[in-house]
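Some structures are shown below for you to check.
Next come two complexes built around chain A: one with chain B, the other with chain C.
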Partner chain A sequence: MSGWATQVVSFELRKVFTYRFTFWVKYFVGAITELTVAYFLWGAIFAATAGAPDSAPGSNRLGGYTFHGLLYYTLFATLGANVVRTLDRGGEISGEIYQGTLSRYLVYPVPYLAYRYAAYFGLQLISVGQLLFGVSVALALFGVPADLAITPGSIALGIFTALLSGALSFTLTACLELVAFWQDTVWNLMAMLRFIGNLLGGLMIPISLFPEWGRSFVAFTPFPYLFSFPIRCFLGQVGGAEWFREASVLAFWILATSGAAAFIWRRGTRVYSGVGI
Partner chain B sequence: MIEVEGIRKSFRLHKKAAGLKGSFVSLFHRKWEEKHALKGVSFKVSPGEIVGLVGANGAGKTTLVKILAGIVHPTEGKATVLGHTPWERKNAFRSRIALIMGQKASLWWDLPAEDCFLLLKEIYQIPEERYQSALKTLVDALGVRGQLNTQIRRLSLGERMKMELIAALLHDPQVVFLDEPTIGLDLTAQRAIRDFILRYSQEKKPAMILTSHYMEDIEKLCKRIIIIRDGEFVYDGPLAKITDRYAKFKVLTAKLDPTAAVHAATLFPKGLGEVVSSEPGELKVKVARDRVPEAASALLKSGGVLDLLIEEVDIADIIESLLREGVREGKSS
Partner chain C sequence: MRSRIWRYVRLYGHFLAFSFSKGFEFRFDFYMRIIMDLCYYAVAIAFYRVLFLHTPNLGGWNEHQAMVFVSAYLIVDAINMTVFTNNLWFMPQLINRGDLDYYLTRPVSSLFFVSLRDFAANSFVNLLCALGIFAWAVARLGEPVSFARTALFFGLVGCGAFIFFTINAMANLLVFWTHAPNGFGELVWTLGKFGERPDGIYRGFARKVLLLVLPFGVISSFPARILIDGFEWRIFLHVVGITALFFGLLVGVWRFGLRSYSSASS
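Here is the complex of A and B:
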């Protein structure tokens, strides 16, 4: 990594530590809310299906997951999603275009999108720290669920994959944010991407719970590689050969979307008028 | 070093009537309007030169600077800065220029100045030794050592501006664009920044383009000025030429008795000089040096004059009147 990128990463780290308070509040409130919702939601669903005559209590499964397992799915989905798309700081690029503050970066001899990605990566590293902390607490309190092979190795693979998925999330979002060169408001596009990503990426419910046609549909989109793929790595569900196969599809999507972002960037800077000075 | 040929820039704006109704209508029917910010300008700047770009609000100064710094593409025309076309934004170009905008913070808000400088050191790949010595020189020259560890957002405007200058000059740029570097500052800070820019220019000899609404900046720093009006250059040449042309004159200001119901301008015999301004309590006339006594006595004799002031023509006034009326070659002499 070149010198400036290292500096940018370290700046993001330092910045977050100057805002310690919001940093932890956002983290805890987010994680605990999602887990509570998941607990009651999956609890109700399991209670409803537990009445089936041939199901011994605690042995019934949904899409291959036990109740315990689904809670871990939610934990890794929440904390893993933070690694993938960081502490929700979308709108930086479009904001800078809209307000004209992009101008200063155009003068610096560094590629702007790479600069932004370095900052993004810094935030990802912070989320990795938070994830390790949260997961350690959960494992210490509730243990490893019977149906999942969560190991230090699976967590390491999950983190690595989530960092890669983050690159995809970054380029995908950047493509939409860059539309700000032509449109004043892009938040609606980004909200849409976020919602679709959550749904089709398996963040709300595991993709294995989708109907057959749904599963084959999402396989052709980049979304499962955003969330579902790293989450399954965390949960120890992805073996070596399978990992390489899926990771190469992920790499393809990263290349395709970063190519698109670079193209939009070139067109956009041509019409950029540097408003506001 | 800077060569500009026939640069034009038009902005396409959509006009919208005020209010909700206007917004609603514009959803279906947009009226586009072309705004010509620059109408084909050409000039050259050599190393060591500071060119003052003077013009009223909206004349196109910032737009020109943005184009030359590579931020904005022109609609038409050619420009070469340090051998590059600015808006191609080659790194070889960008690492040798600097842009300072008085109205816009470019440093990182949450970081102390010194951290910002460290990041810039990496961005511009400045070797450690050169960085340290440049930083020391700049910080001492501007006297901001005490504020180096303060977050940018906690600095006063003047302190921040000095940090911006340091940040922009750390990498030893060969071309420097200064867009209103002294705006909003008190007189002491303005002078400090002015002196600094002058010394920097003499030592490092970069090509500089400076815009300012403070005539003192222009007077102290620029030997050459460009006057721009509505996107067109109306004057490009030595400041001295303008000063000289007007130095043959003095300005007489007569304080008048507001109750005396004479029209001020009629007090002054025509052919003796030129009326600059005429208001109920005050009359300003511009008179050739050798005819000052004659004019003064004519004024005093006319009655109704309470007080009379005789001064040199103020360069700021000259430029302002040029901005208002344009340059009238030969007509005023």
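Here is the complex of A and C:
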């Protein structure tokens, strides 16, 4: 990593830990809320479907998951999504365009989007630490369910995949944020991406629960590669050959969205007018 | 007393006029915010449609009944987005930067002013969409619903929206003491997920907490219960009682917080 990128990552780490209390409160409240809701939601569904044909009676599975499997799915979805999306809610790039503070970066000897990605990567590293802490606690308390193959190797693969998915999340969001060169507000575009990504990416509910046509549809979008793919890696559901196949598709989406972001950036900087440096 | 109320009504009228003119000034934002909320509604409905592919009921409700509940929480969300959210978004900044001074010197309730001055005109359109989803959900129920039950439902949904606002406002007011840059409103949206699922799924201690301490289980589920199962004094009094209690708490926290407010000039 270049010297400047290391500095940016280190700066982001220090910035987050300035408000340690807020940082940890958000982490614990977020994780505990998601897990508690999932516990009661899936518990109610498993109780209601006992013996129903759709729930595969006898196997006690829903979309291929047992009750405990779905709780682990939620755990990795919640903590893995923080690695993919980071703690940043977006708005940094568009904010700098609106406020004119982008001007100072234009004269720096560092590509602006690369600088932003380095900051994003710093936040991703913090989320990896949070994930390892949360997963260690869960595994120590509840163990590994029989239907899942969670191992140190699967967790390492999951982290690596989530970091790659983070690159896709960054470039997708950057494409929308750069619209700020032409429009007054873009936060609603990012919120839309978040809502749609949550559902179609398998963050709210495993994609295996979707109807057949829904599964076929999402396969043609980048969303499953944002969340579902890394979550399945964490759970030990993705083998070597399958990982390379899916990672190739993820790489394609990263390249396509980076190309789009670079194109929008070039067009946008032509119409940008900032005051002062 | 009457002139005092009239003064507040006229003041709110000015807030509305200003907010609508501001809303139409940013056309792109106006229309995109409508589309954004429609995405949120579509995702909420799709989520429950997928769940009901795998279960005949959830928390004691079948799919049609659960959709009434979904419409209730979408209306609660739309009311909050329209009336309160923009104001709460800026509350931590007002407190941290000392900009609250401007509101404290006005001859009206400062809490009223900072909570209601910005009305999101574009979200108002979405409130109409949420009402449309409610009409669709009721039509699918397959049984007639009386006017009185519907009116009561909307009254209690209004209480639910107000309860959510009071919790959100109190979380934001913690910046009086913590000075966190963005407050804790984000945490309330996280906790709000409890309210996006029917209260019938919660059991034991968690249920008690969600009905009494952090009453997210009351906000949308109880109005839906009144509409689906008919009037029950217990449910009605519970919602009204929690609304009054949390309003009192908010006023108390606001006054207590102002004592710790250092203002811009200090």
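Convention: the second predicted complex is superposed on the first by the 264 of 277 C-alpha atoms of A that agree within 3 Å, B and C clash if a C-alpha of one lies under 4 Å from a C-alpha of the other, contacts with A are read in each partner's own complex, and residues count from 1 in each chain.
Definition applied: a residue touches a chain if its C-beta (ideal position, glycine included) is under 8 Å from a C-beta of that chain, and two chains touch if they have at least 3 such contacts.
Since this is a predicted model, take the numbers as computed values, not measurements.
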Just checking: does A:D184 make contact with chain B only, chain C only, both, or neither of them? Give me first, second, both or neither.
second
Which of chain B and chain C A:F28 touches, first, second, both or neither
neither
Taking the superposition as given, does A:F263 touch the first partner, chain B, the second, chain C, both, or neither?
neither
Looking at A:M204 after the superposition, I want to know if it touches chain B, chain C, both of them or none. Which is it: first, second, both, neither?
second
Tell me which partner A:F244 touches in the superposition: chain B (first), chain C (second), both or neither.
neither
More residues of chain A are touched by which partner: chain B or chain C?
C
Just to be sure I read the superposition right, which of the two partners does A:F195 touch: chain B = first, chain C = second, or both, or neither?
second
Now for A:I45: first (chain B), second (chain C), both, or neither, which partner does it touch?
second
Of the two partner chains, chain B (first) and chain C (second), which one does A:F142 touch, if any: first, second, both, or neither?
neither
Chain A contact set shared between chain B and chain C covers none
Which of the residues in chain C end up touching chain A in this complex?
26, 28-29, 32-33, 35-36, 39-40, 43, 46-47, 50-51, 53-59, 178, 180-181, 184, 186-187, 190-191, 193-194, 197, 200-203, 206
Sort out for me which residues of chain B touch chain A in the complex.
11, 62, 66, 69-73, 89, 91, 94-95, 97-99, 101, 103-104, 106, 108, 110-111, 115, 118-119, 122-125, 179
Given the complex, residues on chain A that touch chain C span 19, 21-22, 25-26, 29-30, 33-34, 36-37, 40-41, 43-45, 48-49, 52, 54-55, 62-63, 183-185, 188-189, 191-192, 195-196, 198-199, 204-205, 209-211, 214
Sort out for me which residues of chain A touch chain B in the complex.
2-4, 6-8, 11, 14-15, 18, 100-101, 103-104, 106-110, 269-274, 276-277
